[in-house]
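The first chain written gets the first letter, and so on, giving A, B, C and D; residue counts start at 1 in each chain.
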């Protein structure tokens, strides 16, 4: 409502009331001004009305919402369904241009502005979480796997004769497939099993740095596009030693990409990435939008210590893309604010400690333990050593353990993964023994649980209750058979 | 987006694009300015984004949406459910104050502004439809029946010793009950049956003006609060002769309230009301929001040739009320625009002619006819003379006819009313013979159909098809029994 | 999704996943079943999806949403604006029929079902809050003032020769106007000022029971329609002694209506109403929807120990009405659940104690006090005895005090009321000295603050901070002038 | 509402009304059943309520919306912002799994079902448009450029030693970049200019089939991954001769990918693709979701005559993706229905003829013409031969022409492209003379306009009016300078 409208309004409603109302409107405009000048998360989250006002304003700036214009292109962002238009706030032009997914669109000033700010917020929120070395960030409208592929493709373009990617084993398909999809050849580096002295079978898995150096020597720096390390991972795999890898890469002039899929939420993980960026070579770090920022699946952030890398990835992307992942992130950052994100990080940290305690108590009851995994603050592995004694053969043993997972799932525990250490899998010609365990010979079966951002204490309680009950049922069933 | 934000945006998106986007935003602000200065329906309907932008701005002007304020009253418009808040665009203070349903609320400048403009739009749309004598209009957050009651109560307050309301019979409960609810006594005036010469039983019903004058003489002007006439009605009742009634009322100093429930959509009806207002006495005209303006049930417009009457009704209303009927009307008027409402009126007029043709064709097939009802352009009565010959007694005859109505309903024809002319009904001690027929002895049974605003040609076709089919089934059933 | 669809889905998605998904769908259907069978608030609040599923199902049951039907009535609930249709979940038929606002509508089975359940939930939530004597409740689509008027009109209908309503003075316009609007004559009963011994000027106001009995004797039971007592009120007025009034009414055969506008949220208030209903005569109790249940303004609940009274009010209402207040209440009760409502009640109670403490601390600093008002748990009055010494005359004194209220309002404290005890007001010919104070000669000026349902502790802190600052500014300004 | 709930409802609302309401609910369930069994577009579009009911049901089947479950994974689709959750109907798990973007997700049965049906609808709508040879289709959550890249990457995987893609020149960046992004080398094939005898400079561009065969011979089939032909293109480029190319590819065992970006809406284009698929080799056809189906930018459909190709593309995609493009398409297909899509296609065809007429009339006025481009039914090129005579040099000439485009854009004509035939551009080391013209030496400057799906006649009128006015202004400006 501009000044003239305000004056007109005062003919209908007393000026003092109109002015107070306008003060509030101006207050919201000031939020926008602060956002555009600081390009940081707001200190406190915005309410729905503020967000909707801004989105409708941005939407009004896109050509498909101009009144009295004639659309004579092949793409004019006409939307058939009102339901669909509504859910996009009439922002229909997507993001990017043919040549650059981060480029502004002449037809869509509003969408473009949103994208630019979203990228700035991405940079800010990563720095807020502790990755202060980040200088540039880009919200990609594809998830982690595709983002890793794009980064690798771009690195390969810069080093056309190289063809290998050194990949410390992590039993998760997307990242492995991202290497293949980029037209590159993975060099799988086995993890080192660190067993705890005097304890029952168990231990944790860490990066084989000497092995990595040997691989580099073997193939030569010129033939290696990059090392792809992983921070976020299921216990008992520890985060890769990204600081040491970064140093190795720096020394040997090999690019280094960190798959930090859901690591932003974990302070130790963030710290390691930060140190790696500061003290060694890290070309790009990729993190999932949904896992770290509580938005629907579909986007990722690529960040770097240099704007150059990020720009090259943006320019590499062929064509336009959906604005949805960016928009979801944009809305969420505005509504979360710095205080909201900090609170979520704190709550997760405390809840993870609580979850470990609860699981340890249950483990003690069952004669099992929660593996102590150096630095993994998100994922916990509860051993299942006493769960397989009766099985007559490996297949039966595996089947029995799998049935525990199925029971948990059908009782409403989602995301728990039973790893029997007995399954093998072949992906695109590469064979992985004991798939799921990140190691050919992990000494004990286990089940993992994650304490991810946004989890609530009552969910942990529910989890442990259901787990206890399911274990009892499972044991009862086994003893009957 | 203010000028400073625009300048900031130009650091992110090229200035030419930002400026073009802002032109569009300014264009929308200009719509608001035009609305506030002209207080008329826009020439062309607004799109969703324009409406939502305005509503979010108004919402931001209400105190419950202020950031950083402290609500220390007993009513601070806090809303528990996000679903509920969302559907109200966070406008939660309702309309009015303790003393006046049209008064502005200090805590709710945005809502108040909306209400003031909505009332201006109500005046405008009535004038647009042809009621150019209207000087003031008020959107009441109650439907027609309650609105009539409020008008009568207010008239009674001004003439405390009077207790009667002359009411030309119309067999519709709400308006009759509105008289009783106002604590007044209805004087029911029977209609005159005008039969067409040489035609089969039928005819139409018109106001008994001589009878009305006689009633006035009998009870004396001082004891009569008002005449409540009705324009919108089901065939074969014609619109009341509001012009003549207005003259009678003027001569005898009796108030005159017109129940114009769904008459705004019919040009002849509007014309009669207009002439009555210009040439005689009409204190207030009440029209339904949902029936004339395609919004959900819940509101009405009271209008008058003088602001005074409307203001007194507003001030009579005890307390606050829901903003929803006003808001629905406000949104709809903005989205319809003058051109949209005119188009709807034209389409309805043409479709009514088409519907009459189709019904006449069907009537001819069945040996029936569509009654010719002087000036009723909305409702059509198809005689059912050949539908009751077999019945052994009145009750059975009535039952049979009723079953035709039930069959139509269950086959997806809603709103058709079978009037057997055989039922009687007692409402609050008043007995009505042949209830539904508006007359004690209408000579033939019939079924009515209305062609109301927003109906589509395919609905008329569907109606006639279903009607034909149902009649055949009904006759077959009757001949079997 | 029915069984056949589920079977078909299993051709596309593995049966186990479909079944688990369907279990969840069935779970939601079970919520609906439980709701329909128990007709009580759910133990725990429903999530958005459950509510939206139910509303879309109900909406599909209304004729305006039937596919392939022909609407031939004058009211077919066609909605022009998609924005409007959407915000009503396509429920457009309103509530009630011509004859009864609680009646089911043949064209709108879904809306009707919603209304019936909402009324049952109204009964349940009142009982949950402690009014266990309530046997029937009705959600009225009009706010408290209009609801009181409807109740009075209905009582008057049953006692046509009576014309008086005894009304212990409460300086709030709506309820007073509701008596006038019902065509009745208020007998204003002055309150008794109870001063605290040895304290500075102050005290509280209580019902003059002897005076009430005298009024009854004076006019005679036959001429008195009802006593309208008030529970919810601003300090220093105490709740009316509804138990004693109920006894008086019972003895003398006079109806008793309790204006319990925002009293459901206060346990002592609820308790008094409950005892009054159990031990004396209470014909109806009226409470605001927005103030007690955190929905937008627009509705009220009338309840009674007998279904009969409630039914008669419903049947008295002339015509249909907006479904919005009922729908908002329905959604909110489902989303709040019993646990949610209990939690809100508890939080309010604790917060009120905290607010009193904070205000008392501030009062001590300023040489004022928070009046001790017997049983008023919601509203607090902070004396302003030291705020008016400099004023040269009463008018100036009043102006100065009013300016404090305006300063609070403009600094974002809404709902605080400064009562100078110096203003008089005439409403419809009745003069009220010292309007706002509920008493002709309250001995000290004061400002009131309410701790209403949904208030948060940070709001109380903000209130006290702003209040302290504003007082200092006000005093500084006064000392300068 | 299940049978038990219905029975319970009948205690509250008469059974006949409940039953009729339930019939309607059942009717909607039958729509779902028909959809799941036929997996085709519904004959007539669904209304909003039907769509929302289905989406809320699907949403209820996803684990993040289960009540009483415990999410113990690293990705549990928790959504922070209610605005975000709402716009996704609480579907937050995205589409696909690590291994396959078309795979079902155990945690998300509802989303998975939606995806499966959406893919079936994609197949159906392409067949409906005339591509009856299509046997399998996949909605990809990335736009055309990325989709082409994925198809090429997958083809390359199957023919690892090949590295070339033959690409008949089309001056649009995305498709060219998709080849580079796939790590392949484009072989640019110049188009043949076909001039019209006896006409002013002009003509159209067609595929150089002989040149293509020569390129194949030159590099050898084994080194060529694919031909990427283009159907949808701006005039004066004609659709590529996909039938002949398909035959060449078949003969020489080279894959053939058709970039049919916005070709589904044009019947001749569809026919050529259909014949190519039936009579030659077409491995995959890629079409844009937004341009052909009126949804926001972000998705594409890959289709093929064999399920195998489509499955391989799906399996190639590394990781999960946003569900938004698929969901938008799903909703839109349901709401459009077969009749709606056919109507849109017909309207576009008629409007394109009208647009050509209007442009020809304007061209005649200006001494220009609309180029006759064999078979291009969407895009029209209006020559600008008389627009450049005054320019002193090429740069100035180009600048002048460009200014015409800028003027059109700033006057609200979006999508018009002025091609000066004077600009050259270098993309990733490849130089294109006269970029935008698809040819090194097109003989005349021109401006193109498209008549795309969803355009309205008033937009064409507005376009021509604005164009005429802008030309006059431009000429006036030029003559002044």
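Note that a contact is a pair of C-beta atoms (placed from the backbone, for glycine too) under 8 Å apart; a residue touches a chain by one contact, two chains touch by 3 or more.
Protein identities per chain, from UniProt: A, B, C, D = O-phosphoseryl-tRNA(Sec) selenium transferase.
None of these values were measured; they are calculated from a predicted model.
The pair with more inter-chain C-beta contacts, choosing from A-C and A-B, is A-B.
Using the average of C-alpha coordinates as each chain's centre, A ends up farthest from chain B. In terms of their C-alpha centroids, the spacing between chain A and chain D amounts to 30 Å.
Distance between chain centres (mean CA atoms), chain A to chain B: 56 Å. Distance between chain A and chain C, defined via averaged C-alpha coordinates, is recorded as 47 Å.
Multi-chain contact residues of chain B (touching two or more other chains): 16, 20, 48, 52, 63, 66, 82, 86, 106, 409. Looking at the complex, you find that chain B touches chain D at residues 16, 20, 82, 86, 409-410. Partner chain C is touched in their complex by these residues of chain D: 1-2, 4-5, 8-9, 11-14, 17-18, 20-22, 24-25, 27-29, 32-33, 36-37, 47-50, 52-53, 56-57, 59-63, 65-67, 82, 85-86, 90, 104-106, 109-110, 112-113, 116-117.
The touching residues of chain B, when paired with chain C in their complex, are 48, 51-52, 63, 66, 68-84, 87-88, 91-95, 97-99, 106-107, 141-146, 148-149, 153, 156-157, 172-175, 177-178, 180-183, 232, 234, 261-262, 288, 290-291, 293-299, 316-325, 328, 331-332, 335-336, 340, 344, 378-379, 409, 412-417, 427, 449-450, 452-455, 459-460, 462-463, 466.
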